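Two complexes, one shared chain (chain A), two partners (chain B, chain C).
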Partner chain A sequence: MRAVRAELSKLSTLPSVWLAALLAVVVPTGIALLNRGVAGPDRGYQELAFGVMGVIVLGVVAVSSEYLAESADSGGGRQLTTSLAAVPSRLRFLAAKALAVVLVAVPLAFTAAAATMGVVQARLDAGRLAGVVCYWTYTALLAFAITVLLRHGIVPLTVLLVNTSVVSVTFLLTKVTPLANYFPDMAGVRMFVGKVANDDVSISPLVGLLVMSAWVAGLLVLAGAVFARRDA
Partner chain B sequence: MWSGRPAGWLGGVITIDGLVKRRGGKEILAGIGFEARPGRVTGFLGPNGAGKSSTLRILLGLDRAQAGTALVDGVPYPALPDPVRTVGAVLDGSGAHRSRTGRAHLRWVARSAGLPPARVEEVLTLVGLADAAGKRVGGYSLGMGRRLALATALLGDPSVLVLDEPLNGLDPEGIRFVRTFLRDRAQSGRTVLLSSHLMGELAETVDDVVVIDHGRIVAKGTLAEVTGAHRNLEDAFFALTSGSGR
Partner chain C sequence: MIRAELSKLVSLPATWTTLAWTLAANVLLTFVIAVGDAPVAYSRAGFIVLGVLATCSEYTGGQIRTTLTAMPRRVRQLAAQHAALAVVTLPASLVVALSGPLITMVVAGTPVALWQVAETTAYLTLLTLVSAAVGVLLRHTLAGVGLLLGCLFVAAPFVHEYLPDDLVTLVVSTPVLLIVAALAYRRRDA
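Entry: the complex of A and B
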């Protein structure tokens, strides 16, 4: 499909996507190196749960690059105008872009998982690996959908990155209400992490998959509906 | 729908009818209509804020109208089977991301339309941007950005060109280039629709004139018809839009 090839071409020529790819591999392996002494059944998987910054950047910039305005001196244009002139169907455009993000996120997740498990010298379990790849891809799509809704990269980038690294707001919320365990990130990591730090709710990998799938599907549908109606 | 047309007819009739656009309770277009025909340069003239850009954005499917239609050969832009080969558009700025090179920008557009990479080099040469093709768009001057936008519009060698303020910010050489280029385009049987608030710059370029003010068409016809008894197009324009307080 030509629209998907065009979107892949856009991603591969955007410097911030290469930064995202670098982050995707360096962050989880870096955390794994720092945590070398820590033992446990979730070795490596914990790191892969925290190390999703790369795909967050990927999902955000894939969309925010369309909305980035040129300086007023250069006419204040945006790439989105060119994109929709080339692919005028809003939904086809958005679907092609989402698919391109998935096509980049999946190999990144495999690479990061292989590198991280290599560092911790643990065997990769096929089921949990599938969970990692799914979690990373879904996280990229969540970032993607939120950025479509906001039309700007800074806020989703900051909020999502801070939530996975500095202060996990969704994790802190689980102290307030057990319902917070059903946020997409909290539920999604259950696909491959057995025990989330002192948790009191048990969510099976399958339920984790279903809950995160529902979030991603819901936000993508919302983003598509808003994007199709809104003036570009 | 193609029967009865002369051989070599490229198509490309733009028909705008009854367009209404409201934004935040403000009426931007109050049911405007006009036509732009093949083989002619149509100047869509009006003061800043008159509704020119809104009309062109609706024509290209970027903005939605509350009522009315904007069609190319009887079809709304988003429904065209091959939009890049039918209509080329030059709107604000370059329409390219600043961290990509000019060539990389043209390449992805070419990919989306199934055009060969060789076509990218052709349009780069055509607009005189071949030397700067490997530079990042962020380092382009305004004039270079406009040339890149024009190159993008020409990728599919479309039968229709739509340009929003194509002369804005161009140096005299750039203005001359765009004028000559658009005249040649019309000469070869294609449709050119351009908007501008600069009357003096355009009188020698346009065949037909549509004047918009406060979201309403105040005059349309050939250059001679719209100029009428006035000394020139500029005088006619100010007479027609004098009520606008500008």
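Entry: the complex of A and C
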């Protein structure tokens, strides 16, 4: 528990995390404001699907900040060596960090959902709200796990942010093969968005949840295994 | 001066990996989307990374102090850095801009629209220079890349109708951002 508290304190002192929190709330509400005229059953939820940008930054920065080398005149060290000196068990360290990311992502998702739904003035359905929170948290963990594997933030940040654009790359891939519907973002979105733009494959919210859970669990286990074995 | 900046830029492994991945992503996406230069809408992310890296790499470690000791005139140094970046980016963006239409020509037989290729090349080069200017302002690779990608990929599609054509927006915003970056760079501590 102390490790989690330490991780939370590290997160709360990172300027990028505050920026991420701001983005997480401003992006979906802003898009919802611009889209006010568009009606439909997915009003608001569609915006929340694009709004994951903030939690992506959160997940990436939580890890990449550990690997960032200080400038030469302040020793050229990295946060990670200090962190592992304090919490030597690699898996405990990683679990504490992942938990801290979840603890930040969940309230962010609630806030963003409330703000966005306030803007579009739609009633918030409990089941779909759970879907939004789940999708946001999983996306943060996905970014987290990929960054652990790559030890640098730039590639996961670029790939994941490009993929949050309106017509995402994974969506384009569904035109090539229906299998692309089982990418974590394509499947996860079904937890709360009824119809993904002119799709012909229908995935139920439950299957979406299971598919995305499998991706996140798989990547986290892989990240844990790699992180435990390799040099810091 | 430009030669010095150029040698720094080409000796950065990240420059080459970024360009290689951008080209690879563009070629792959061409097969997925299978229309002309539409994949550039995604692979332009690589040029953003390149531009931000070019200026932010000065700030990881103390390269910036060495640079400014050798070239104390800040605005001139910044201009040389951007010129060097343009020298590398122009051919690279031409290759990327050509790759999509060339593949389409080979596969589907549609002729390459040269004017469009030229426009795309200009777009990508200017985008790289803007990214470099943003990199100078923010001095953090991740922050710069995050901000630009957020603007271009998440925000831009929604405010698109209020803006003129992409290339026109860039032609206007590039000099503005370059001047802002130069002013900030000149005034503040390295």
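Keep this in mind: the second predicted complex is superposed on the first by the 227 of 232 C-alpha atoms of A that agree within 3 Å, B and C clash if a C-alpha of one lies under 4 Å from a C-alpha of the other, contacts with A are read in each partner's own complex, and residues count from 1 in each chain.
Here is the rule we use: contacts are C-beta pairs under 8 Å (C-beta built on N, C-alpha and C of every residue); 3 or more make two chains touch, one makes a residue touch a chain.
Bear in mind the structure is a predicted one, so any value in this text is a computation, not a measurement.
*Asks:* With the two structures overlaid on chain A, would chain B and chain C clash, or do they fit side by side?
*Replies:* Verdict on chain A: chain B and chain C fit.
*Asks:* By the touch definition at the top of the document, which applies to A:16: first (chain B), second (chain C), both, or neither?
*Replies:* In the superposed model, A:16 contacts both chain B and chain C.
*Asks:* Would you check which partner chain A:175 touches, where first means chain B only, second means chain C only, and both and neither mean what they say?
*Replies:* second
*Asks:* Check the residue A:87 against both partner chains and state whether it touches chain B (first), chain C (second), both, or neither.
*Replies:* In the superposition, A:87 contacts chain B only.
*Asks:* Between chain B (first) and chain C (second), which, if any, makes contact with A:129: first, second, both or neither?
*Replies:* neither
*Asks:* Write the angle, vertex at the C-alpha centre of chain A, between the C-alpha centres of chain B and chain C, to the nearest 10 degrees.
*Replies:* The three centres form an angle at chain A of 80 degrees.
*Asks:* With the two structures laid over each other on chain A, which partner does A:157 touch: chain B (first), chain C (second), both, or neither?
*Replies:* Only chain C; A:157 stays clear of chain B.
*Asks:* For A:63, is the partner it touches chain B (first), chain C (second), both, or none of the two (neither)?
*Replies:* neither
*Asks:* Where does A:78 make contact in the superposed view: on chain B (first), on chain C (second), on both, or on neither?
*Replies:* A:78: touches chain B, not chain C.
*Asks:* Is A:5 touching the first partner chain B, the second partner chain C, both, or neither of them?
*Replies:* Touch status of A:5: first partner only.
*Asks:* Looking at chain B versus chain C in the superposed three-chain picture, what is their shortest Cα distance in Å?
*Replies:* 11
*Asks:* Can you give me the overlap between the chain B contact set and the chain C contact set on chain A?
*Replies:* Correct list for chain A: 16, 73, 76.
*Asks:* Which chain B residues qualify as touching chain A in the complex?
*Replies:* 57, 60-64, 77-78, 80, 83-84, 87, 89, 91-101, 104-105, 107-109, 111-114, 140, 142, 145-146, 149, 152, 168-169
*Asks:* What residues of chain A sit close enough to touch chain C in their complex?
*Replies:* Residues of chain A touching chain C: 16, 19, 23, 27, 30-31, 34-35, 50, 53, 57, 60-61, 64, 69, 71-73, 76, 153-154, 157-158, 161-162, 164-166, 169, 172-173, 175-176.
*Asks:* Tell me, which parts of chain C touch chain A in their complex?
*Replies:* Per the touch definition, chain C meets chain A at residues 29, 32-33, 42, 45-46, 48-49, 53, 60-62, 141-143, 145-146, 149-150, 153-155, 157-159.
*Asks:* For a test of understanding, state which residues of chain A touch chain B in their complex under the given definition.
*Replies:* Those in contact with chain B are residues 2-3, 5-7, 9-10, 13-16, 65, 68, 70, 73-79, 81-82, 84-89, 229, 231-232.
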